[in-house]
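Okay, so subunit A shows up in both of these, paired with subunit B first and subunit C after.
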Partner chain A sequence: MATEHSRTAARLMVSPAVILLFLWMIVPLGMTIYFSFLRYNLLNPGMETFAGFDNYYYFLTNAAFWDALINTVTLVVGVLVITVFGGIALALLLDQPFWGQGIVRVLVIAPFFVMPTVSALVWKNMFMNPVNGVFAHIAKSLGLQPFDFLSQAPLASIILIVAWSWLPFATLILLTALQSLDREQQEAAEMDGASVLARFWYLTVPHLTRSITVVVLIQTIFLLSVFAEILVTTNGGPGTASTNIPYLVYAQSLLNFDVGGGSAGGIVAVILANIVAFFLMRMIGKNLDA
Partner chain B sequence: MARKTTQTRKAVVTIAAWLIGIVIFFPILWTILMSFKSEGDAIKAPLAMLSSPWTLESYGEVQARSNYALHFWNSVVLSLGSTLLALLIAIPAAWAMAFVPGKRTKDLLMWMLSTKMMPAVGVLVPMYLMFRDLGLLDSRIGLVGVLTLINLPIVIWMLYTYFKEIPGEILEASRMDGASLRSEILYVLTPMAVPGIASTMLLNIILAWNEAFWTLQLTTSKAAPLTQFIASYSSPEGLFYAKLSAASTMAIAPILILGWFSQKQLVRGLTFGAVK
Partner chain C sequence: MGKITLSNVRKSFGEVDVIPSLDLSIENGEFVVFVGPSGCGKSTLLRLIAGLEDTTSGAIEIDGKDATTLPPAKRGLAMVFQSYALYPHMSVKKNILFPLKMAGMDPAEAEKRVANAAKVLNLTNYLDRRPGQLSGGQRQRVAIGRAIVREPAAFLFDEPLSNLDAALRVNMRQEISELHQTLKTTMIYVTHDQVEAMTMADKIVVLNAGRIEQVGSPLELYRAPANTFVAGFIGSPKMNLLGGAAAEQVGATTLGIRPEHIDIVEDGPWRGVVGLSEHLGSDTFLKVNVEGIGTLTVRGSGEIPQRHGDSIALRPQADKLHRFGPDGKALK
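Showing the complex of A and B:
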């Protein structure tokens, strides 16, 4: 159908988007790679010298990097475990018929729309504060010592906050997937005497596998770059107890003014994200019949 | 008998679902309640807090002390501006890919998506330095540009999946009837595309409103949207529960309302069409 004329028009229509995205991808990334090979401190501008792989060497052999790497992985895995299992349980529950479905759905989805700085500060002050927080009040009324969440268990507290924000996402997607489950197949299995557990394991789980993979991969992309929640709650501390890689790169480049080191860290983050992205892209690509 | 068990079952599910729903929603509910209390009452134990008198004073003070309206306006400008700009670039692109697909359309779409996978910290340093050298730090213009670019792949993808669903036969039929390209676009395609464009717009406004990496890095005061403004409450000297609650309530309310309208589109948009 498409004529030579319409092809040219189509190319013209696509090109602004392509050019902009290409520049957005290549220019800053190229500069980061360039900076990562320089000895470049913002406090001594104009004194840049070539540093070879020194920045990478210092960044990768710094104990803070390994702490940050472990924290990043713990954060991602912790949030994924809570949101995926919680999301499956919640989706199964909300898929049942009950009174007030619409309202409960709205209540469950709401946290996803709360901006990260708000959710982090609300949890930090109104709930986890050891003096005035709701948890402290509950502990005191039970005669227990209030627990100082963000200094005793900073990373676990941040995992809780981030999981609260992402649980709705997992629930919503898994619920959408559940609703496309073949009801007749379910009923047929029930007639044939398959138990609830067997039906769940052999029908529901395989049906959900694809959606779970999508949830895991997309969340991983976002969770690898958690930043605001750490900035407003712990500033990465105490020490490096809750520093992840994005926060470390930010601290290195904009708080310590070490542009070279920060850039090397940025490239390390890009490589890590690309490993995940590779699998995600294959998932989505398989689904696309353009 | 069977009827009775399903009723009992429904009642049990109802109680469980409502309990969990309220627990999940509780932090938001608590914030809203606290915003209507005085500063002194807000730090009391939960029951004493609830029974204290209601007041609107925190809302007044937030505005009086910190120019709340400016930050709210910045959020509106940034999210609307970047969304409209992204639509302007994305609609022709998605249109062309959906209706005049070529051999490499699929690769092109995948490549666009891959730009979204790049973590922001990977380009933080050069972006910061470029913004500094161009005098764009703490300016709305610069941030509108960045927000447009980071959301552009999602916008193109979402529009593409919507446009793909417009049946090609309709186009052929209108052509048979002698419609010109112009009237084809104006009277046949546009009405069918509007719902998709509207939901894409809605989702993108939500994402831009809540974006909290670039808005925190590239603004300080003048161009600071609500994400940055709320973050300023993290310093101990800025710690006022009732005022923080009032500021937070106003910051999340518009998006909560928009979000509830866009539940369905959310799934499609955030999974790049992989789950519908």
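Showing the complex of A and C:
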């Protein structure tokens, strides 16, 4: 790609893909922005009128919005904490030599391949159900009252379900990082008199920071838009106890038939996601180029 | 401080005996080099002494105390690794400070030792850099710095120069020798390079397949190799080892003669054709195909004119012949 000529040719040849991707992004975005300024109710189609910033005003002043915002943050942070710490612990365990290592590694990775609706339904009906669930059976066999997870602690339950499906991802990334840790460095530290804990703190943790950064970045992107798990378990309830922003947008546009309000919510979500991304990149992005 | 004794030390990995039982004594302040071809067990032996591997049987004594089951940190030894094994996320200073911090040393005293080590190793200007920003030779010096601050009973070097380029290797070789002169601490050095062994060692231990072939000063090994393995391993270019009629004439199974002990003469007992001549300027190495004997390596002065295809006569220096018996051992 050295000459002016080859650069021009390269640009020309990339352009169809770039243009297609750009349209793919800009058309939905443009239409969402357009709808967000309309009074657009699905019960009265064809009666759209210009609404100005009303949709934004009602969306942002809705009490449910603040609940949803707090729930979203709680969900993301909760899952991140569980998957990062759990992932480090599991990766350390899986890094030890033991019999049946291959099978165990495949089993550990399996939850990641279960689609969100399915895993949420399995958790809801087979584990957390207060009558038939495994947890209820365990509680009863111990003589305790079964705990109704999804109505007593809906958000915590969803955090548990989502963390279960993301834990393998974190484990896998951290495990590969652990395996690339230099053996001679470990031995040098051993000669230098570092205990197992000191070696973990001074060698393993710094070595893992880059992978932890990757895990946090990628998971944050996906966790901001958790939806299926909420839809099939709690429907955002009771009340708004487990409603996050994506679910609120869905409820606004498809349960209340208010496409205008939903679009406004979508744009708010885009802006919030960008703010999060900006701070996230500033905070931990510098770990990536070191 | 720094006397290490190995008695009946044996190491096997599963079924494989890497070191079949070995005795060795290293005196205080000695510079001992373990040398041998790759896979001869020299690194394993060093790791046994360091405590990074457990002995299968036998005992290791350091300064008269049994250290066979002591963990590495308690043996009072410091090791420099082939890959340097620096901690990449710590500055040079923190790298050197690390063993002192782990030992819980008073920070002021630790700082002083680091500053001293940095001065000895010319690292003072690099203390705030990360290992990734240093050249190979500088990294090597940081690794040595990390070893010397602990003031260990002995230093262990595991092929420390093999990742450096040729010129730097010669430099570092001299620096390590000088360091030994200054510190007067026992040093054990593992290498596969017989030149490093010859130039640095007080005592060379030649290893082959886990067994000690010979122990001695560089010149003892050069003058009187105990067997054909040592004869072929020590010295560069390699000693010519001849069988057949030439050996029988002197009553041996194998006759050894070093390339530098064969003279090129007008008329001699061996006549041959030059197959290859390497003119290095200071020396010339000739590969000569001698009838009835085989290919001989001959070392001549830098200015000799012989080239490929020339026929020449050779005369071995009679007092420099090495005779070996049928078991490969030297005949007295």
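Please note the rule applied: the second predicted complex is superposed on the first by the 262 of 290 C-alpha atoms of A that agree within 3 Å, B and C clash if a C-alpha of one lies under 4 Å from a C-alpha of the other, contacts with A are read in each partner's own complex, and residues count from 1 in each chain.
In the analysis below, a residue touches a chain if its C-beta (ideal position, glycine included) is under 8 Å from a C-beta of that chain, and two chains touch if they have at least 3 such contacts.
The structure displayed is predicted, hence computed values, not measured ones.
When both complexes are overlaid on chain A, the residue A:Val77 reaches neither subunit B nor subunit C.
When the shared chain is aligned, subunit C comes close enough to touch A:Leu203, but subunit B does not. Legend: residue contacts after superposition of the two complexes on their common chain; A:Met281 is shown touching subunit B, with no touch to subunit C.
Greater residue coverage of subunit A by touch, when subunit B is weighed against subunit C, goes to B.
Of the two partner chains, subunit C is the only one touched by A:Ala188; subunit B is not. Contacts from subunit A toward subunit B in the complex involve residues 1-2, 6-7, 9-11, 13-14, 16-18, 20-21, 24-25, 27-29, 31-32, 35, 90, 93-94, 96-101, 103-119, 121-127, 132, 134, 137-138, 140-141, 164, 167-169, 172-173, 176-177, 210-211, 214, 218, 221, 224-225, 227-228, 231-233, 245-246, 249-250, 253-254, 259, 262-263, 265-267, 269-270, 272-274, 276-277, 280-281, 283-285, 287-288, 290.
If you check the complex, the residues on subunit B that touch subunit A are 9-10, 13-14, 16-18, 20-22, 24-25, 27-28, 30-31, 34, 43, 45-46, 89-90, 92-93, 95-97, 99-102, 105-106, 108-110, 112-130, 149, 152-153, 156, 172, 206, 209-210, 212-213, 216-217, 226-228, 230-231, 233-234, 239, 241, 244-245, 248, 251-252, 255-256, 258-260, 263, 266-267, 270-276. Those residues of subunit A that touch subunit C in the shared complex are 182, 184-185, 187-195, 198, 202-203, 206-207.
Interface of subunit C with subunit A (complex): residues 50, 52, 71-73, 77-79, 81-83, 85-87, 89-90, 98-99, 102-103, 146, 150.
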